[in-house]
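Listed below are the structures to be examined.
Same chain, two partners: chain A is paired with chain B first, then with chain C.
Presenting the complex of A and B:
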């Protein structure tokens, strides 16, 4: 799995399209190129069609409520046709951030250990369950979360956090188990394999000569990782994080089962919340009336926008964090 | 999205039609609540009439109403009756009640069995006004019970559901504050509490959270051996949710011709107050001659012989008076303008 940033990095900036263009001479080449162009365009077309369909469905409710007030209103009352998306946007962002905060250090540490320190044998033994984690259906994560994780959070982790870090607004209120924290932890486990496996591939591309140079200059192993390996791999690891974030933002089933499904905004991670995909999954099947259906479609549109914005932001971050024009292409 | 669902369904219909080319295939879609019973009915009926095959997809009441309105299925099914707005979009639609369901209150207080709750207490708890288990309102109705000084955690359904509709319909009837607050609906704006997905989500959360209270379907509670609370009904009697007390709720009600009636908070000493009909939706005049008459024959069978299978699957059968009224309705229904059952029954 070669990350995009690395493949693109090999090319000089600004001339990508020219270099990539094949010389089309015979029919099979041209047919092949046309086929690829169609397939490539299909992805774009699908995205546009989805946005268009969501827009069409949600036009009514957005006109009824107003786009701005739909986004910033925090009331969601189906009975009275009052629709505000803010609690869902907030919940989606908070759970994803919690997931990243937990998952990123663990994933990077794990991938560093597997590439820099462990023997190949250990690597094989540990890599297997990591990739296995990626294959578990999300509903299984959700059930495990509901029956195993949530009781542990309620009886042990949350009281402990309240006792030690209770002065922070994030760790206050009664320990319910279900809530932002539970959803964040589940998501952290779910995105761990994504970030870890891509980070491993990225770290493998770090030239051996860099490590050797650092070691030869008298660096300890830790210093070599910190000064030679990590800076080189930073863009790729950020790319891995974006992919992980993408999964966290869109995850539906597992989050629905542990987030508590209460459209409220609360600073405390112990409190129950709601996320954009969760409310769509919960309410769409029984949604009656054009406004309710439209409001759910509008939430889908917002999820689309949130994902897009975060991707753009993360890409900008990647660009800013890398030095030299040769790596800006990522 | 609507289009794609229709497309998906029609693909399924076409695919299954191809499989059973020599058989008559009647399709239906809708409520998940009666699905176990309906499946049994369809397979039993298929044994009696091998030429009739009924295919039912439990996609939810909302989906069922959409499908029958668009006439992409032969019948729909719903827990909550259609609204006037929905009825206007499907002229000629008829509700046929099939069985009764009930919503029961489940809770998790160790050592406390047979909790007694009044409607006022229930609405108080779900409005967040009663927040401790040792609240005087609970203590008054449960003399001698050991009620802990513990916060009450309210658990409700997070997915839109007929169960929530019945539950909020009941709370709206017994509490003016609920009516002017969250109101009645398949999804409402809950003042307090956690949302669990499906009956199993609510049950799972209640079972794990000490001090939790929630509501689930009677059938689900019975099958999972949950001990429900005893509720005070309109006549002031304490009633356990059983199939008999649920059927009683429908016995006293004035039945309109379209059967769209709420039987929550029903009168009668033995009536359990949080009950409802579940319905099959059909058009009064069937356009397809073969399918239409087969569907009417099936409905006739369902409200007579079919009712006998209900209790074993934890559904309350229709009271005699309601069956009698449904007979009249079915006899008045037509296939291409001609009555079918009136002559044969």
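Presenting the complex of A and C:
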């Protein structure tokens, strides 16, 4: 027994179809290899070009204002060439947090329902509308938000919130419809497919034996989910959430159309605000000179840096969760 | 036990509620686009130029054509790069470099599309001193490359290794094996991936706002501003005019049909491919 298991263990794992490194002596093969390498490098070139272009456009204004004061200044006065990013950063964060607060519970509930509680047939039927939700262009969501969601918020939801939760600073002031809340709700709808589909992917990798063990010990289905499935999938769901957050931060058109476009900072969710992508979308084409263009590009640079960090973190978490910790380093 | 059963039933109900909540906006969006869009839709809408405020009739023919034009430019640039990068990752990307490229592609696919618009502005609009269809195409191409690279890699990896071995054993050079055996086998899947990428690109608005801008007339020159259906929807929607709002809904319906047909075609292609294998 002993030697047999040893030879099994000594065999190189997997990849039986792997061919020895080919010797490329003829010209066409070398040319083909070089062409492929160039095309592969295209992805890296795209990344470098993005960073370079953003930096080149925004370097002027960052030197003019200073990076720190650019970020913490809350004045945005194009006429006097005063540029501060704070209202846009604030609006982006507030709308994204609102979106997560609404979307996360719904997405997790939906993904649990589809993976743990329903038959495979329901799963395939439902996965189609979820992918539809992801496929609707954001300008269409904006259109719907502007003419359907905003009136509903103005006439029903915001007065109701003011009446019941009006003692909180978030729900005070006149119900305008256009504002942080509208943008947050639209974003919640838009990131729902992202969080849901990745959560489903993560939940599918939870070993069946964990569920079976919990059920065999007499747990109800919900207890099995709470005690066996969710703890195992926690990191992956966190990763899905961060990916959703990254999408919410960068979403442009729908937010631009419903946030109210006012470079101010208000505690109330009913108030109009502004977000980083929205101000870029509105002002870039008609920017009045290099400083203004540069300031907008600098807002883009901030947005790029934040989404980049979030994406790296999220991808690492999701990989860890679906491939096991050993793969995370690669 | 009774209490635990009740909790179980309650949580099951809440999870099902999540499903219902997710479907409400979807149904609402689709229903409104269909019902409000269809009333302003006629043949003219697909072929005519936009009419001025207050004048009845007119259409978005130039914007539909412009979307096809810009997406066409994006495909010409983005498809070879994206598919090529995917083939590289599948065939030679097992080392450290491959991992770096793969991770970069994953991370790049999360970059907001408006950022890509700024990049295309810096790369194309500034040097050319004018907004152009080319700039819009470059922006969309940059968006296509990472997603295409990743899906192409997956599809090429699906091709059985024995096919390659058989081809090489017959003395076919490596480059011809890659092109004529591996790529041809994966072609159906790659077409699907390209169609999905095109559908996504056609729905993009943000990267076009300050690259291809807009145009009231037909345009077939790559160095001129060009209308697109998405930017047109945006302009109509945020205008103060009632009859332009109607046109925004109609244009949204056209856009959804376009995106829907592309995705459906992609789905059918996939089904056909898998059907043939089984």
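Before moving on, here are some points about what is shown:
The working rule: the second predicted complex is superposed on the first by the 262 of 330 C-alpha atoms of A that agree within 3 Å, B and C clash if a C-alpha of one lies under 4 Å from a C-alpha of the other, contacts with A are read in each partner's own complex, and residues count from 1 in each chain.
To be clear about the criterion, a residue touches a chain if its C-beta (ideal position, glycine included) is under 8 Å from a C-beta of that chain, and two chains touch if they have at least 3 such contacts.
Given the structure is predicted, the values throughout are model-derived calculations rather than measurements.
Ranking chain B and chain C by residues of chain A touched puts C first.
Once the two complexes are overlaid on the shared chain, A:57 sits against chain B and chain C alike.
In the superposition on chain A, A:178 makes contact with chain B only, not with chain C.
When both complexes are overlaid on chain A, the residue A:79 reaches chain B alone and has no touch with chain C.
Of the two partner chains placed by the overlay, chain B and chain C both lie in contact with A:257.
By the touch criterion stated above, A:132 is placed in contact with chain C alone, chain B being left untouched. When the two complexes are overlaid on their common chain A, residue A:297 makes contact with chain B and with chain C alike. In the superposition on chain A, contact of A:288 is made with chain B only, not with chain C. Using the contact criterion defined above for the overlaid structures, shared-chain residue A:146 touches chain B and also reaches chain C. When both complexes are overlaid on chain A, the residue A:161 reaches neither chain B nor chain C. Counting contacts as defined above, chain A residues 53, 57, 146-147, 257, 281, 284-285, 297 meet chain B in one complex and chain C in the other. Chain A meets chain C in the complex at residues 17-19, 22, 24, 26, 28-29, 31-33, 35-44, 46-47, 49-50, 53-54, 56-57, 105-110, 112-114, 117, 126, 129-130, 132-133, 135-144, 146-148, 189, 192, 196, 220-223, 225, 243, 246-247, 249-253, 257, 277, 280-281, 284-285, 296-297, 300, 303-304, 307-308, 310-312, 314-315, 330.
Only residues 1, 59-63, 65, 83, 85-86, 151, 153, 158-162, 182-190, 193-197, 201, 204-205, 208-209 of chain B touch chain A when the two sit together in their complex.
If you check the complex, the residues on chain A that touch chain B are 53, 57, 75-80, 82, 146-147, 150-151, 154, 174, 176-178, 256-257, 260-263, 272, 274, 278, 281-289, 297.
Interface residues of chain C facing chain A in the complex, by the touch rule stated above, are 4-5, 7-8, 11-12, 14-19, 21-23, 25-26, 28-30, 32-33, 80-82, 84-85, 87-89, 91-93, 97-101, 103-108, 110-119, 121-123, 131, 142, 145-146, 149, 160-162, 164-165, 168, 173-175, 178, 199-200, 202-206, 209-210, 213, 230, 233-234, 237-238, 245, 248-249, 252, 255-256, 259-260, 263.
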